[in-house]
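Shared between the two complexes below is subunit A, which pairs with subunit B and subunit C, respectively.
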Partner chain A sequence: MSAIAATSTGPVDSATLTRVRTRPGFWTRLSRHRVALISLIFLVFMGLAALLTPYVSPYDPYAMSLGDGGQTPSLQHPLGTDKLGRDNLTRVFTGGRVSIAVALCAVAISSSLGTVLGLMAGFRGGWIDAIIMRLTDIFMAFPLFVLLIVLVSILGSSAKNVVLILGFFSWMGTARLVRGQVLAVMNEPYIEAATSTGAKADQLLLRHVLPNSFVPIVVASTLGVANAMLSEAALSFLGLGIQPPTPSWGNMLNTAQSLQVLVNEPWVWIGPGAAIACTVLAINFLGDGLRDALDPHLQR
Partner chain B sequence: MDTKRFGIDTLLAGAASGELSRRDILKASMALGMGSAFGIALANAQGASAQDGMTLTFDAGATQGGGGRPNAEHIAYSFIINGGSQFEINRMVDARLVTLSADLQEFVGDLAESWEVVDNVYTFNLRQNAVWHDGTPVTAKDVVFTINLLTDPATTSRWGSSFRNVAGYAEAQEAETPTSLTGVTAPDDYTVQIELANPDSGMLSGFIFINILPEHVLGTADRATITELPYWTTNERIGAGPFKFVQLVEGERVELVAHEEYHHGAPAIKNLNLLFFSSAETSLAALQAGENMAAPMSVNELELVQGIDGAEVIDFPAGVGVIFFNALQPELNDKRVRQAIAYAIDKKTICETLFQGYADPVSTEIPYVEWAQPDDANPYDYDPEQAKALLEEAGFTGERTLGLWYYYTDPVTANVMEAMQQYLAAVGINTELKFDDGSGVRTQEIADKTWDMTYGSFGAQPSPANLTAVWGPPGEVTYGWLNDDFNAEMDAALATYEREEQAVHYQNAIRILNEESPSVWLFDRKNLIALNSAKLQNSVWGPGHIYWMNRANEWTVAE
Partner chain C sequence: MTHYLVRRLLHAITILIGISVLVFIFVEVAPGDAIDSMLPPESMPTPEAKEAMRERLGLNDPAPVRYVRWLGRAVQGDLGYSLTSRKPVTDIIMVRLPKTLQLVGTAMVISVIVGVSTGIISAIRQYSWIDYLATFLSFFWLSIPGFFLGLMMIYLFAVKLGWFPVFGASTAGASNPILDRLHHLVLPATVLGLELAAALTRYTRASLLEVLKADYMRTARAKGLRERLVIVRHGLKNALIPIITVIAFRMPYLISGAVVIETVFQWPGLGLLTLNAANQKDYPVVLALALAVTLIVVISSFLADVAYSIVDPRIRLG
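And now, the complex of A and B:
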């Protein structure tokens, strides 16, 4: 990152160079943000748990065993079993796999789309900018969640559809952010310098503009993962997102709509509920930490 | 779906709690979203007594198969187009010619005191003490008017085809101006005669859903626009049921008052408010808070309800859970595949665990009608190996994932669906569970004939006459299955009025269904109500596909 910072600052005076050189590295800066660091550790744990659960857990997250349904927490089943006799803890971690994967894929689409459109709008300006920005305004004018519900109803509930819908309808924030960043970068003296030395448009875009827009994209994407995760959970909670038997945190919470489960069987919803809350919180903290650690203008 | 080709039989198959009625309601109430419910509030006649504020709630969404919250349009629509039994509101306000006993064993008279069939002529003798809410006597002319109204093509009522075997029915369908059926007459004020062109021993099945309308109020109404009248949802509404309509507050409640001259006796409860709740959970929570007197529930809530002081769990028949097949799909056109599905599902274990005993495994459709049941029906006990062998024999590859629709919103059904999906996967049948949220996707699939399977309900009656609805000619358009032998047996059963002779043909027909498996019959389920029995007394509930609040005039509220 310091390399980027050095590149991005272009022709600089010696004082600035000294400042950049003495600025601590990315990991050092991130590790100073205690909450972000703890969040990162938590997220790594959740990621590993989600990945390794099928190899570590003695239970199959999908195979039912009706005779074992509705068990209360025990040493064998720390979060009890669901009505179909499946181990809740195993399903929470397996559900994490789905929820995290859906959110990451959706954000990959939305961030890519937002970045490309933002770059085009900011870099090209003129009527291209006007069209893209009006398109962004139009997309932003729709209440996103209502749109999600309608589209899922029409296209059908599946992980693929949830990913595509979330991806294609949540790029607007990134596009605006990137456009603003591009406009700011384009006024920097080093862009003027590059242009005067005969840099072509694609060189300008790829070597100067994009790298200098990187930080807000990373931060926005990180926070986007949290939002996508919440959207997926909400859709699945309503029965419109990930469909059984595939577990996701949202559809596991769906069972908590029953008053009986809510009141008398808290172990059924505490697992997925806590997983969503903690993961989203951790992602948000990590986003904060990343912004601080990556921002070249911040000293600490 | 070609709605015009659907008659009463098809609706009977859905039997109010079944798939068709809900689809129709949802069609009309799509915008209202899913999972809506309504409840009933009871208050004392004097209004200011200690009984004020006591509320009886129950999930009418369940009685409509999870359908929408009724508004003015739905009430009239359900009344004329789908029949009066659609909403408990109509059930409370109106009366029928005959209805069902709570145990489903027999037809019992409502407005009819007695009836007989001689030489293909049904003769109904009406009660002479029945009066409309405005004090006018209910007479045979009202019954004749109602039948002529429903069979008039202008009203597009699905109940008209109940009378397809009545003399003059075919002519009335062809006529350009409203024509009375020649076979339906009123020899005197309290006698109705229905002469049949073709024998039809199953005609009473239709009457249990048809509410009788007042000729003196609606006789001059334009039949094509009759559902648009303010009549249905204002105090202009005149019925002959136990309660009078006072007003509908959209989205909130319907207010009713006792009909003091009700022919089965004046209701003990003088004011009855039907409340709309956002969900079944809300009404159950209200019961728990002591504000409600009854709420719908599932077996998952048994422990919760047992912990509520004075609450009692009431169960009553809910209809048989069935997987309906679209036999137009190549895989499902092979009876071995359908039989394999029957063998693949462990009905017994599902009944014992997920339904917690509030359901029994079945393999034929009318477990209540013992006299019509063959004693040699294949029970299709759980046998995954047999299922696999049948699939292999049928050359079933399992390449295509079959859609399995369901529309019940309760948590138990969700678990049952998931369990069935796993049982089917275990023998190599991959399914995608598809919840019908009323967005119209399933309706479209049915119209396009691209659907595969639907888990729904078949309402039991004292006679299996309504089997033709799904598995006879009226059902072919949707289910794609038609069997000449079955139709011949059903026709023979409908052509005789002798119980023993009917039994022989019905048993033969059911044997064919059992062997051919055009649908898979799974669970004889119960509806459950959490009742504040300390306050609400003498209440009779069900059968769920006819009405939930049975004989409501006899219900009392403890002081």
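And now, the complex of A and C:
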């Protein structure tokens, strides 16, 4: 990032060059943000656990054995077992695979869509801008969750549909952000310099505008993952998202809607609930730390 | 000011039209025969009667024509009939609407009181332990899923401690119905309000910190005003104006949250209705709800613009 910022500023601006050189590297700055670092470590752990569970855990997350149902936490089952006798800890991590994958895929779609639309709106201006921004306003006024319920009830609930719907209906924040960034960048003197040296529109866009929008996009995407995870969890909790037997952090709490499970088997729902809360919290902290660590304008 | 309000009203209308188009598209792609949701169930239509009806209603017309007609009916409050209960959708919604407004309204009051005051303290005591605690907690409330928080609250305060009822909006035959309703309202409204409170804390803190750096604050102090007056009269007055916009901006989130919270607490409002209708594939109800809920958002957003123009002299006089 620093390298890109330096080249795009042009060789004339020596002040920027020195600043870039003396600025500590990205990792140094991120590691100074202690909470963000702890969050990153936690997320790496969570990711690895989710990835490796099938190879490490002695239990099958799907195989039922009714005789072992409803066990309290013990050394064999640290989080107990659910009603169908499946090891809860294994299911929490398997559910993590699903929840994380869904959120990442959804954000990959929404961030790309938002970036493209934001670039188009900001760079082209005029009626293209007007249309895109009105669309953004309209979609933003729609409570996302109600939209999700409507679409899932029409299209049917499956992991694929949840990914697509989340992806195609949460690009608005990114689009606004990128557009604002483009408008700001287009006023910079180096854009004028580049234009006067005969840079074409696509060169401007790819070499100057896009790299300068990189930081807000990364930050927004990170926070987007957190939000996508929350939406998926809520949807699955209501029984409209990921369908059992596939576990996801949301649908594992679905059983807690019955008072019997809520009161008598708290370990069944506190585990996955805490997993979502901690993961989302860690992502939010990481996003906050990334904003500080990546921002080339912010000097420490 | 009139100029500003007219512009905002036009903006709100554009959004409403856009949303109505979107909902109309959903109506079109929703499975099932549109006729079923339009006829009063008593009439027991035969297939031939349906086809005649279709022709007479112009359901074979091109989509834009049908859209205008659908919109005309929707504006008059005719959103068709529920597929399951066979009642007019508007009636169903009107019965549930007050309950959701109660819940969302209370949540909003709670969140403004808690969020704004925490934000103020946080900004005035920047970098103190209380500021760090408030920042951490606001991150926490924004990260914890509403349904998980709701379940924990029920587990702790309703089941274990027994302070509040477990779910529902009222107890049949309660000796003091008003107190009983308030009692039922506390937990769900708190859970729903906490997320908005967290957002408000962060905005208030940032906004006040920005204002505290302004030149007029230094001037006010230089005049010899007491610190409390400086902060209240000069600082807060300016810092809190943008908060109105933030509250309006968060409305969609609040409504989204209400759907989940109403389910967790079995609160008989629009959210629970939406979920039940979605589970029963009762499309006319689901789509009407989507429209109603968005209408609430757009109206409150416009009201925020009005409030803003009253509070902010730069708009009022400009």
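Following the convention adopted for this analysis, the second predicted complex is superposed on the first by the 292 of 300 C-alpha atoms of A that agree within 3 Å, B and C clash if a C-alpha of one lies under 4 Å from a C-alpha of the other, contacts with A are read in each partner's own complex, and residues count from 1 in each chain.
Everything below uses one rule, namely that contacts are C-beta pairs under 8 Å (C-beta built on N, C-alpha and C of every residue); 3 or more make two chains touch, one makes a residue touch a chain.
Here the structure is a predicted model, which is why all the values come from computation and not from measurement.
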item	value
Which of subunit B and subunit C A:M64 touches, first, second, both or neither	first
Contacts of A:P245 with subunit B and subunit C, given as first, second, both or neither	first
First, second, both or neither for A:L84, with subunit B first and subunit C second	first
Which superposed partner A:L253 touches (first subunit B, second subunit C, both, neither)	second
Contact breadth on subunit A, by residue count: subunit C or subunit B	C
Touching partner for A:I154 - first (subunit B), second (subunit C), both, neither	both
Which of subunit B and subunit C A:A233 touches, first, second, both or neither	second
First, second, both or neither for A:T72, with subunit B first and subunit C second	neither
Partner chain(s) touched by A:V263 [first = subunit B, second = subunit C, both, neither]	both
Shared subunit A surface residues [contacts with subunit B and with subunit C]	153-154, 239-240, 257, 259, 263
Residue ranges of subunit C touching subunit A (in the complex, touch as defined)	11, 14-15, 18-19, 22, 26, 29-31, 139-140, 142-148, 151-152, 154-155, 159, 166, 251-253, 255-257, 259-260, 263-264, 274-275, 277-279, 281, 283, 286-287, 289-290, 293-294, 297-298, 301
Residues of subunit B touching subunit A in the complex	281, 284-285, 288, 298, 300-304, 307, 346, 349-350, 353-354, 411, 414-415, 417-419, 421-422, 432-435, 437, 439, 441
In the complex with subunit B, residue positions of subunit A that touch it	62-64, 66-67, 69, 83-84, 153-154, 156-157, 239-240, 243-245, 254-255, 257-261, 263-264
Complex contacts: residues of subunit A adjacent to subunit C	134-135, 137-138, 140-147, 149-154, 226, 230, 233-234, 237-240, 250, 253, 256-257, 259, 262-263, 266, 269-270, 273, 276-277, 280-281, 283-285, 288
